[in-house]
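In what comes next, subunit A is part of two complexes: it sits with subunit B in the first one and with subunit C in the second one.
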Partner chain A sequence: MTDLQRIMHVEDDPSIQQVAKIALEAVGGFTVHTCSCGQQALEDYPNVAPQLILLDVMMPGMDGPTTLQHLQQKYDLAKVPVVFMTAKVQSNEVASYKKLGGADVVVKPFDPMTLSDQIRQIWTDFQR
Partner chain B sequence: MKALNNKTDLTAAFSSLRQRFEQGLPQRSAAMLAMVQKKPAQQMLADIVAESHKLSGACGTFGHALLGAMARQIEQLAQAISAKPLQEQEQTIPELIHTVQEFDIAVAQMIAGVTGKHELQRQMPVMKNSVWLLLDNAALTIEITAQLQGFGLQVEEFKDYTQCVARLREETPAILLATVALSTGELLFEQTLLLNRLVQQQIRLMVLAEADSFPLRVQAAAQRAEAFFVTPLNVPEMITYVSELLDYSSGVGRVFIVDDDKLLAEHYALVLSTAGIETQISNHVENIVDEVMRFQPDLILMDMYMPEYSGAEIASVLRQYRDFKRLPIVFLSSELNKSLQIKAMSHGADDFITKPIDDMQLIQAIKVRLARSLQIKNLIEKDSLTSLVKHAAIKDTAELEFLRVERSKKPLSVVMLDIDHFKMVNDTYGHAAGDLVITALATLLRKRIRKTDRAGRYGGEEFLLVLPDCDTQQAKLITEQILDAFKKLTFSAGSIQFSCTFSAGVVSTDDNDFANAIQMIAAADSALYKAKVAGRKQVLSWSA
Partner chain C sequence: MIIQRVSSNSNFISWAGSILLLALFSYLGWVDYQQMQTMAAIQKWAVAYLVSELLLLLLLSDMQRVTRQLMSRLRYEQEAKQQQQAAESKQHQHALSILNNIAASFSPDWHQQMRDALHVASDYLQLPIAILSNIEKNNYQVIVQYTVDNSLQDGANFDLGETYCSITMQSKQVIAIDHMHASEYASHPCYNNFKLESYIGVQVLVEGSPYGTVNFSSTEARQRPFSQLEIEFISLLARWIGSVLERRRYLDAQVEVAQRLKKVSAQLPGMVYQFKLTPDGKASFPYSSDGIKEIYHLTPEQVLNDASAVFDLTHPDDVLLVKSTISESAKRLSKWIIEYRIKYPDGEVAWVAGRAVPEKQPDSSILWHGFITDITERKQIEKLKDEFVSSVSHELRTPLTSIAGAIGLLHGKVLGVLPEKAAEMVGMAMANVQKLQILINDLLDMDKLVAGKMQFDMQTQPLLPILQKSVLDNKNYAEQFKVHYNLSDKIDDIWVNVDSLRLQQVMTNLLSNAAKFSPPNAEVDIVIEHDSDKVTVKVIDHGIGINDNFKPLIFSQFSQADSSDSKIKGGTGLGLAISKQLITRMNGDIGFESSLNHGAEFYIRLPVAIETAQQSEAFYD
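Right, the complex of A and B next:
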């Protein structure tokens, strides 16, 4: 199994962008490319070639699920798990996000100290 | 970015991010406050949903769980409003504005370093006899409501957390009985907003869980839950808990103060009485046994060093009396020498409060110890089913009141009550139903008698009332009123509804020249027997 290295984080809130970047890079040792909107994610994808995408659900303009649809239409995401990130959800919502093609859901608020462990676990599960 | 191996660096990095986030918060909440008053409403609501959603995630990540929960409430409210028809939106927007304002205030307080507890919250009067239910089991809700209302309690029902939080903004119930998990999967202990309100408004919490679990109990304990019930709910037990809790809140306790510095003693008495604690100051240390016997305190607060006798000596003397063995004695001392404190404890002191202590701390220190001491006293003296005092304790009370009659020259009445055909109730409807009947009568007795009166569970379905300053006629009238109320209660066992009656015998010191309370109790018992023979469901006096 290849190690997880490159993560693309799509999130419009600058404060969350920063804290996730530190959480994933400094704590987890990953490399994070941050996109501030779905459109940018579509444009940056080929150059970044992320192994995993962390995608905020609620964004102005193009929301997370729509961004995922466009990404799937343009690129082959068979080997790239997409993890939705959203404020507190109910268990049935998690199922609906997975139906949309999400590998898993990370619930906000998240703990910066354990976020990378959570992502690594999702990566491992995805490889099985 | 290179991996930071050093944990200190990491903490520093996160805390600088957090600071930046906190600094930006007032602006964001102010912007949201401006936003919420804009028109058209449809666009405004979408903007509010987006921003509050963002804040609800971010606040928690940066260690502000309460703010996160408040933001989430704004989001949910805004979503609910935008789902409504346009003409109805207008009416609900003020509530949304209010919620955003609360968030704005909370942000300002966070910035000012004020913790939630000392918030500028308006003090709302507590609705003394109100119990709120937060359950989504309709059948259980109906059953509990009926039972509680039968005892004259006001009940309000809620099916979800948000609704309850909104209502808490307007009123403060005495008790909230809440389920730990709703069928939607929402968990009580994650409702930061609700839990925070309970603390602020000093509402007693009782929780109901599907299954017993230690971690869950710990979570409940962290929220100061007074009781932890497991389904199937034992309704009589729950009702006893409720009435006990409501009882506690009325009287905080009695403290006897011993200090040679009279001014200081008066000061303590004044401070404690502002917190609803009854106090008495010792007059002459030599008479302390008599004074304590008469005042019947729940706790003694004593200075450790007094010129004539030391606190340790006085404690030792008190402990020579059987009646005072259990009475908590707390020393006030500036003594920092541990070995001296331990020596004092070997003489019967229970605890130390170190001087100097400010007034608020004194109140809190005493209240905590009083509450604990009352709990223990209740466990020892009170019957677990009814939380009335047990056989021995009510007999002692009768004896004590009988002795007082000699001094007061006022009549004392004693009433013996017995539930009619109780064995049949147990056999027909089951023991659970029988327990419910007993609890119901106990609760009625507690509610209907005066503060100076005492009720005890004398035997299985037998109760004894001790009514000072009350003649036969009055006692008979009171008991008949209780009988009327008891007759009207309906109980349910499965789908069957039934009601019960009792018989009672009344006797007072005016009726005869009784030698002691035992004779009075025997007389009341024989009057009860007459009532049973005469056809039950009636109150007869011994003299009649």
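Right, the complex of A and C next:
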């Protein structure tokens, strides 16, 4: 099983971008490439070649699910788990995000100290 | 007859007298002839007889004549009396027919009706001044009058002492005076002022109390005295007037009530109505206030006998709901409370709220008394509020996510070790950020629950793992208070039908409360009991317990036993209110037992999903 190293984080809020980057890089030891919108994610994807994408649901312009749709149309995401990030959700909503092609959902506000473990767990589950 | 008898008697007397006289004089003649032995004696007695006979006949015929005269006079008098009786009876009938016409007359203007009556009565009594008065204390007010020369006005006031009615008011009888000057009342001020020579009047009673008088008068004395019939006439007239006034009062009271209702209901922001459903399914609005114009753009008359116009205007998507709730209300005689939409012909839509109480009528129809009001604005505001809450919560959460993240990183020493004081401050900031997160989540949950918009993902699943996860999640929190959870794992495999996240939320609430209110180093026991159809989960602490005063409020919103609690212990006061709503929605119930200083025992009770459990057991085999 390959270790998770490169994560692409798509998030419009600069503060959350920064917090997530530190949480994932300083605590988890990952490399994070941050995109500020769905369009940028589509453009940067080939250069970054992320192993996992962390995708915010609510974004101005192109929202998370739409970004995922475009990514799937353009690239082969079979081996790249996409994790949605969203506000407190109900269990049936989680199911609907999974149906959209998400590997899992991370609830906002997230705990920066355990976020990396959570992501690593999702990665491990996805590899099985 | 009498005359015939008198004449036959006199005939009999004449015959019998004649025979007696003949016998008497024959005997006297014969005795005389025995002594005298001459014819002269017989002749003398024969002459005496003839004279006596003649006198007898004369006497009798005179008697007969006198008798005849007497009899014929008698007969004449009798006839005269009969004629008079017939005339009186005719007058009586006339009076009655006048009274009857008066009584039968109807005019919407009762003053005019009274004036007509006084006119007719005045003609009948041949007295030119007719007055219906209202007397209060010493004031005599002319309510309605009829005067031949129009000398009086309605509404004129007099001092009661100046009128003959001061006498009438003291008597229950009809006061009738033919010639005032010759009567005991000649010194009455009324006679001095108005020179009224004849007067007839009587009290008018309304609902048993004196109202005033009806009286007729004239400046001329009566040529013949008031008859008994005239006295009875006015007495009946007074009674009829009294009953008209009573009916008037009753109608006025009804009109007043109707007007009051109309005025009051006109101020209501909606329509007040009665809705009737007969056993054959016919619907109508026996009463609706003018508010129906605003609500349905219809008039009360348009729906008086047929309610279909109202149903035609009900929004097509809501017609079934409206009809089914009405049938339900009719069946159970339960209050009808509903919100629905109206769609006007121009396509515009309005939201209305209706509420009504049904009442079964003797004819088995149902009559609702109710109120419908426009809530379009409220619905718009509700929508705005929903949008506001949802956007604010999102807007709040975004910065909160970065604050919580940043502080979490500092607290986690990811960016280096902080000086001791700074670390304390960061710890405090982190605790408060967590409180803020809980507060926002609670507010959003309460809002969803109250609006009935919270979705439940009900799954039949084992109970124990949910409890175990709840305990695990709250372990860190409890450690702050040095409290330890003690979950008995010796329980059967019980399955329940719940939304696991929601049940965890409730458990988190109970567990965190138990930890918060426990003394340091205390244990909190989580005990599971069950019978065939219910399972009870108890969270038992050994803390301060619950004050009696607070017990009734414990499950209401924003309630905390001690207002300083929020500062010491944290929490929004929404937790238990939300838990109650959640458990109720999952078909369970929640409660507690506690006495002050002996800890608290909160429990949730849920239905056991036995059949599914058995199937699942079979599956696991």
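Following the convention adopted for this analysis, the second predicted complex is superposed on the first by the 128 of 128 C-alpha atoms of A that agree within 3 Å, B and C clash if a C-alpha of one lies under 4 Å from a C-alpha of the other, contacts with A are read in each partner's own complex, and residues count from 1 in each chain.
Note that in this section a residue touches a chain if its C-beta (ideal position, glycine included) is under 8 Å from a C-beta of that chain, and two chains touch if they have at least 3 such contacts.
Model, not experiment: these values are computed from the prediction.
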Review point. Thinking of the overlay built on chain A, is A:Thr2 touched by subunit B (first), by subunit C (second), by both, or by neither?
Key: neither
- [ ] Name the contact category of A:Gln73: first (subunit B only), second (subunit C only), both, or neither.
- [x] neither
Across subunit A, the partner (subunit B or subunit C) reaching more residues is B
### Task
Check whether A:Asn47 is in contact with subunit B, with subunit C, with both or with neither, and answer first, second, both or neither.
neither
Taking the superposition on A as described, I'd like to know which of subunit B and subunit C A:Ala87 touches: first, second, both or neither. both
| Looking at the overlay, what does A:Pro60 touch: subunit B (first), subunit C (second), both, or neither? | first
- Answer with first, second, both or neither: which of subunit B and subunit C does A:Ile22 touch in the superposed model? both
Intersected contact list for subunit A, partners subunit B and subunit C 13, 15-16, 18-19, 22, 26-27, 58, 87-88, 90-92, 108-113
Seen from subunit A, its contact residues with subunit C in the complex are 13, 15-16, 18-20, 22-23, 26-27, 58, 87-88, 90-92, 108-113
Per the touch rule, the subunit C residues reaching subunit A in their complex are 393-394, 397-402, 404-406, 408-409, 411-412, 414-415, 437, 441, 444, 454-455, 457, 499-501
In the complex, the residues of subunit A that touch subunit B are 12-13, 15-16, 18-19, 21-22, 25-29, 58, 60, 85-88, 90-92, 108-113
Subunit B residues touching subunit A in their complex are 1-4, 9-10, 13-14, 17, 20-21, 24, 50, 53-54, 56-62, 65, 68, 72, 75, 184-186
